[in-house]
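In order of appearance the chains are A, B and C, and numbering begins at 1 in each one.
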Amino acid sequence: MSVPRYWREIPSRYRLIGSKCVNCGKTYFPPRRVCRECGSVNLREVKLSEQGRIITWATIYDPPRGFEKYVPYIVAIVELDDGTRIMTQITDCEPDEIQIGTRVRAVFRKIREEGESGIIYYGYKFKPLK
Amino acid sequence: MRKVAVIAIGYTKVKEHWGLSIRDLFTEAAIMALNEVTIDRVDALYVGNMSSGYCQHQEHLGALMADYIGLKSPPAVKIEAAGASGGMALREGIQAVASGLHDFVVVGGVEKMSDVLTPDITYAMAMAADQEYEAFIGVTFTALNAMIKRAYQHKFGVSDELIATLPVHCHDMASKNPYAQYPFKITIEQVLSSPFVAEPLRLLECSSPADGAAILILCPLEKAKKFTDTPIEIAGIGAATDTIALYQRDDFTTFKATIEAANMAYKMAHIKPEEVDVAEIHDSFSITGVISLEDLGFFKKGTAAKAISEGEIAPGGKIAVNTFGGLKARGHPVGATGVYQVVEVVKQLRGEAGKNQVDDAETGLTQNIGGVGGTVTVYIFRRID
Amino acid sequence: MTKEAGIIGYGAYIPIYRVKACEIGKIWGNYNGHVPIMEKAVAGIDEDLVTISVEAAKYAIRRAKINPKEIGAVYIGTESKPYAVKPSGTIVAEAIGATPLVVTADFEFACKAGTEAFQACIDHVLSGRIKYAMAIGADTAQGRPGDQLEYTAASGGAAFIFTKKSNKTLAYCEGAVSFVTDTPDFWRRAYEHYPMHAERFTGEPAYFYHIINSVRTLMENMGLKPSDFKYAVFHQPNAKFPVKVAKKLGFTMDQIKPGLLSPYIGNCYAGSSLVGFAATLDVANPGDRILLASYGSGAGSDAFSFVVQDIILEKRNPIPSVRDMIGVRKYIDYSTYVKFRGKIRA
């Protein structure tokens, strides 16, 4: 992944910054310029909730290039407490410890590294609330 | 707007063609199609393909293929819409003919996935998803569909056994198709004991990387009979998009884009779902095919898998589906699939479908999906008597 | 104008994974079962110095109830930076929302790098130039496979936010001493993967000499004796050394117990004494005096005297205490441990 592409999204990747339509209230992650619901271009940046619940998930056994050493790992769609949905990994747990509805909270983790000499990609993951 | 017809088809076997390059594949299929009819010119070429840039480091496929298949410098372009590249390339070809701009148009789809290793194929396929917020965190295309399967099973309570009936059916059909990637039957037990690729989807529920090319030649319906005794009318055209990111949808158990595209096509062809005799649907994964059968209006939500288990989609059932094996067993060379589907419906409507021929097939439907329903095309075809 | 710097928020983070010392011993032929600690904390495969620092820092900010944009300095003390060249501090500062008007640096002085950051933060806030200054000590320490240090090298860290002493601070610093000599007891050359150490030399002339001198100098300067302190926290490379140095200096087991965590989590290097300090603050009461003495190989010791303030009682819930955090654990075997720590070259 190119350095500029990673860097540009850092506020969203590190701090869960999304956007909210001032007109109709719908929230988006990542931030958008145009509201899909009402067409307004009046959207402002918001920090999204850091807790939510799992609404569906899968455990990956066949990884894409770059994720080989993390297999098996869990990916899930989480609905945050403010209603925004997000795609994320679920970490620090086994697949049999979660189900649809499990409550989770955001943590800051390594996503992967660009080999031994490239940069390290950080971002959000979620883990079950104990 | 003029009506458009398919007057010729061409295709290669679907497999890992180690000895054939992407241009070789496209040329082989094109030669087959150009041999079916005698036309003195081709006005435009549309090439559906998803990943030539990543897998072959080759873009500019339109000009490349126009040259290699021996056309005399027509306008040509690569059309990309992930898995729906073939379906959308067809749309471009139809528009060119329907508008009156061109008379003879070649629409092809080609994909050559075996040029790169499996983790790279997995990486390339995830380009159909949101790169920054899905692929970035390690999501694979199979994982996205696995999440859809889990959500569907949670909502409708359909078992793994029932969902597995679709790949079993597709293999049954492919066992009589000589150009299929996997021309052999499989059982539900084999499906359910195959290893997980992304739990809850197992290996035998997933279509595999493949190479292949398929070609159509289009011309205005009013001229078609001059070139073939069996022109097939493109009676309904539908296409729609949705968010490419799965997590931005409201409901994971349906593809809104399929419903919208299907409604457009049914309306244009003046038919209802019940009137379709044969359908080639997009079963990239078992669950994707099951959901598509419902979204296309053939079965009510949550009931398609049961219907499959009761024989409803075999020839002689309510509607014959994927009679050449579908994406699972005929194969899924991604950008070519949408065109293979049309080749297969055309064969059925011409009466050239061989061992899986549907009796008196008059109306056919193809459904082609890009990503997890980010793009969907639906076409209705009609036999002209 | 106050002459003391106070702590307005603190937080610690220990990864959930543990490997038992006897599990390591089994692989390397230690069948006597003599192990320097019981078990140690291991960073998960998606954790590193930066992620641990961010978690600790976020707890500190929650406890402090401040706007992270007001944090004017972020210092990370560590010897396990993920980049040899590129500041970890910028990643942490960005993740917690302290950028762009912030000074950051990565400090290095083996296991006392975290308390070095304390020294800088204290002076930053006392000068009046910076309102809140955050010091983090954290590590994902690596032990050479089969070496003595492999039993204890662990992962963890803690963050402390300093500001001028006020009724909002939960403890203030009444004195600090840094005692440093050039003593090569433990080192890692550039491009080497694992550190080297001088075995028994790391004891008396290194760990004990520097801590005893920094603490005695501090107490002399301030006219204090061991019984004036309610608690004492020492750097904890294993279970024995902190107990021994406490005894030599005249501190009791009761004084060091709340902050003595190495038997359960190992030695998280620059995080070691800081995590012990955080665990002590979790149970301390207003008016308690706490000694904090770190030790960094190379070598040196920073000694501080902190006095706990009233507001500490409000700062406990709902943030988990260090003991609570340590209680959440998943045991892994040696092969998973080496995979997590990247010791297998693929």
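Here is the rule we go by: a residue touches a chain if its C-beta (ideal position, glycine included) is under 8 Å from a C-beta of that chain, and two chains touch if they have at least 3 such contacts.
Values in this document were obtained by computation on a predicted structure and should not be read as measured data.
Viewed as a network of touching protein chains, the structure reduces to a simple linear path.
Innermost chain of the displayed assembly, by C-alpha centre distance to the whole-protein C-alpha centre, is A. Spacing of subunit A relative to subunit B, judged by their CA centroids, is 31 angstrom. In this assembly, the C-alpha centroid of subunit B lies 59 Å from the C-alpha centroid of subunit C. Residue numbers of subunit A whose C-beta contacts span two or more other chains: 70, 89, 111, 125.
Multi-chain contact residues of subunit B, defined as those touching 2 or more other chains: none present.
Contact residues of subunit B toward subunit A in the complex are 118-120, 122-123, 126, 130, 132-140, 142-144, 146-148, 150-151, 154, 195-201, 243, 245-248, 252.
Within the complex, the subunit A residues that touch subunit C are 10, 14-15, 69-70, 89, 91-92, 107-111, 120, 122, 125, 130.
Here subunit C touches subunit A in the complex through residues 16, 44-48, 50-51, 54-55, 58, 82-83, 91, 94-95, 97, 328, 330, 339, 346, going by the rule given at the top.
The touching residues of subunit A, when paired with subunit B in their complex, are 1, 5, 9, 12-13, 28-30, 36, 55-68, 70, 73, 75-77, 85-89, 95, 100, 111-112, 121, 123, 125.
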